[in-house]
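Both complexes below contain subunit A, partnered by subunit B and then by subunit C.
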Partner chain A sequence: MTSTATPPRLAIPGQPLGPASRYRPGPGTHLHNGHLYASLLGHVRITAPARAPGPVKRLTKITPAPAPAELPTVSVLPPSSSASSAASPSGQEGAGAEQKQRRREVLPEVGNVVLCRVLRITPRQAVVTILVCGETVLEAEWQGVIRVQDVRATEKDRVKIYESFRPGDIVRAEVISLGDQANYYLSTAKNELGVVLATSETGNTMQPVSWKEMRDPVTGVSEWRKVAQPQPQ
Partner chain B sequence: MATKHHVVLPGEPIDPSLIPTHPKHPLRLGPGLRHIPPEDIVPTVAGQLITNPAKNSMWIEYNSNRYIPSQNDLVLAQILRSTSDFYLCSLSPHTAPATLPHLAFEAATKKTRPQLAPGQLVYARVSLANKHMDPELECVHPGTGKADGLGPIAGPGCAFDVSLGFARRLLMARSREEGGVGVLEMLGGEEGGGLAFETAVGRNGRVWVGSESPKTVVIVGRALQETDRLGLGLEGQRKLVKRLVKEVK
Partner chain C sequence: MTDRRRINGPPGETIPPFFDDADRAPETAKGRFRPSNAIRKMFLKTGVTPSASGSAYLEISTSAKPGASGLKLSCSVHGPRSLPRSAPFSPHLVLTTHVKYAPFATRQRRGYLRDSSERDLSVHLETALRGAIIADRWPKSGVDIIVSILEGDQERETSRSQGDEVWEMMNALSGCITVAAAALADAGIDCVDTVAGGVAALVQDTDGDESQPSIVLDPVPSEHAKILAACCVAYLPTRDEVTNLWFRGDVPASDMELYNSLVEKGIQASRNANRVLVGCLTESVGEGDTS
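On to the complex of A and B.
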């Protein structure tokens, strides 16, 4: 393993990609002992840095090593992603602003808006399973928890879980913490967060009436939910 | 005045002529009936169909073996253990325990709350009951803060098990006329010789009988259980009371 070798085109988890002095770690890689290793199985993509590194060698001057912003970024992308859409060489490294360079959110991060389904409710929290993170349908289902104090922003102590969620509801929530081994911690304490799809007790899909009520169009019975404000598309 | 009809089985279509109509009130369906749009009303349990044309309501009187908690029921619960914020109480054996918050008693603060030991009987109201969560109890009226007879049971006595249908008839406002149960009044009246006792009837099929004299507790408990088990009418209850008072004497 020489330090001048180029990284491989295909990587398996644990495969060494190059030293940290030559590349910056991107998505799908991790740093260990000053060396970059792949974390995922997929194609290796090297993105050129924001600005080209200045001249390094001068005979009469000792120049410091290139600043981290000038190093190319190496990332590993799973094969089902758009391997055909090549990264733009002008190198907006992972800013996510360009459609051609799709950032795959494989794991929910703090601040992501996710869609989840309620599994069960207890007086103190609602246990959910995270299905969609951002625009990406997750392959694995991660479990999350919406605590009773994170259901809404006002009157947190008088929230009743039975009047906010029911098992089977689809909820839009925001990740507030990566949590412990078992659960992410989610919050619906904003107007645009909350129940987006719910089924009534008689089995019909309900329509939102207000921020706390949904109505079954067939029977006319309304049920309490913490409803997400519909966003313009 | 409620009209009693024939016995229905689950899923059996109900004769439309039995469904009451009213010019002003909408039709109200009570326990045991389910409305399938647009027009079907279907029983979900086996029991006797009852209609009340005055209030435009109909329901089914049934006797099941398993108590399913519903909101605003009065129940006799037994404390199993205490956690940091609430007591875990058993409403019926081999079911999920109900939670009774520490502060859900009259005039309870963190410093002056009743300390209840496991095994203590409590007369409580079901504050939350649905199929997704464990039931929750309270011993205080949420609006006024008064106990209204709820709280831990004090005094010498014993709890007896009765069927759910019998407990419901005991809890009716006019149990003698509507429920056909007059045994408690008879025991305290002339047939029973004026026994002194008090009772707490739980909708979950438990009745607590309290009295200073253990003989009275035994008489009342046996009277209730035999009325329930044998399905006695008012005349049978009178004879039963007289027989029990004579036996124990």
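On to the complex of A and C.
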């Protein structure tokens, strides 16, 4: 009897979505007494497990009970994001969806790749403000810190902040900790992380030359940066 | 504390002249025109303030009488946004609530600064919402909930309704809770459930001690001769939990039945309000589908 019951299409906070034995909680849901409930207002979406439970290869191995990863994930998407995805093919909902779109706020989480602008540098750290988290432009101002030991993965003891970042640079970084009261802690210790956009002292946009050097195409002067590896679009 | 920076209106009452018309005078019939287990009609709409991350507007209709005003509330939710630099690290959402009567909302003109009763309402509202919000989904951030009471549910004639302010505050609080829950859902802040407020009161309908007091939902002070006790409940219907309980009045301490039934009726009023809330939220999501 319960197996036939499907979750509703729309959810308001507190609406039951089904037992935890059938679904995995996704974003916008919460778990209470073994049942899933919506915690946001929006549309319910059920996504199939990423890896379909295929044939068991090693029959000799004792497999545990179906892992929770094999259950479909149920999530509640706020009307903004689902409306925009629905509107993009039809295109007639543009203004309304766009107006609602900017309202959904996200927070930087550990592991997210963010884009940030360098505010000021000290010998021990670079203070940045986080502008974009993942694909979303943040509405609020969040401050972050790239400490000298998080700039790169090798030769950490020779890192100099002023040879890695300058105020005004746009940096791609990864969140490594929620940090202290004011700052998120960020790291650029990967090839694809680092300065993506920088201007020289004369004010021209520079081009990356190597992983630690950028050159001004007009004056030909090069400056030191921790350059991010250019990513194919 | 007086506000000396602005030009304040007259501190006294600002009511339009009320002429003692011969044909208007008999129309003072007190009384409740709806059943004792029904709340007044309610209008709720989300998304009224474009600049806020979430907002809602609540209007409770007036009673049939011409002189009485209803309750009009506007709520806006700002955030989640980063905490000020001076604030200590918080692993969860920091909730700040402001409830403010507009200066023109009540018979007695209100100041621009919050007075103690408004701060009291804010604290009650914060307690009610704190039980509903999943605060650890939003670390290091704060959210401001601002409720403006545009019309304070008071009768225009002053003479007979002295001392009703406390009961009116309870009605205002239950409205604040409902409208804030709608605004929170509109803002996309994780909640365990939709919390709604409800008021129940023990009233005496005719003057004199011999009449039997009865319990009504959503009491309007001007409709009853006397309110003996009232109880404002913030209730989560799916969880079956009460997040805030405000009980006030003069009830014999021995009568536990009465206490229980008052709270029970308050929960019933809150369920009724919740139905409006659910309808409003469903409608606001459904809009995005069809238009």
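By our rule, the second predicted complex is superposed on the first by the 128 of 233 C-alpha atoms of A that agree within 3 Å, B and C clash if a C-alpha of one lies under 4 Å from a C-alpha of the other, contacts with A are read in each partner's own complex, and residues count from 1 in each chain.
Everything that follows uses one rule, which is that a contact is a pair of C-beta atoms (placed from the backbone, for glycine too) under 8 Å apart; a residue touches a chain by one contact, two chains touch by 3 or more.
Note that this is a predicted model, so its numbers are computed, not measured.
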*Look at the residues of subunit A and decide whether subunit B or subunit C touches more of them.*
C
_Going by the contact rule set out at the top, does A:37 touch subunit B (first), subunit C (second), both, or neither?_
second
_Once chain A of both complexes is superposed, is A:110 in touch with subunit B (first), subunit C (second), both, or neither?_
neither
_Tell me the contact category for A:209 with respect to subunit B and subunit C: first, second, both or neither._
neither
*Once the structures are superposed on A, label A:122 by its partner contacts, choosing first (subunit B), second (subunit C), both or neither.*
first
*Touching A:13, do we find subunit B (first), subunit C (second), both, or neither?*
second
*asked:* Looking at A:180, would you say it contacts subunit B, subunit C, both, or neither? Reply first, second, both or neither.
replied: second
*Thinking of the overlay built on chain A, is A:142 touched by subunit B (first), by subunit C (second), by both, or by neither?*
second
_Looking at A:153, would you say it contacts subunit B, subunit C, both, or neither? Reply first, second, both or neither._
neither
*For subunit A, what residues appear in both contact lists, the one with subunit B and the one with subunit C?*
none
*asked:* Using the touch definition from the top, list the residues of subunit A that touch subunit C in their complex.
replied: 10, 12-16, 28, 30, 32, 37, 39-43, 78-80, 82-83, 86, 93, 96-97, 99-100, 103-105, 107, 139-143, 178, 180-182
*asked:* Looking at the complex, which residues from subunit A come into contact with subunit B?
replied: 120-123, 161-162, 166-167, 202, 218-219
*Using the touch definition up top, name the residues of subunit C that touch subunit A in the complex.*
50, 53-54, 79-83, 85, 87-91, 132, 134, 137-141, 185-188, 190-194, 236-239, 278, 281-282, 284-286, 288-289, 291
*Flag every residue of subunit B that touches subunit A in the complex, lowest number first.*
35, 37, 99, 128, 130, 132-134, 136
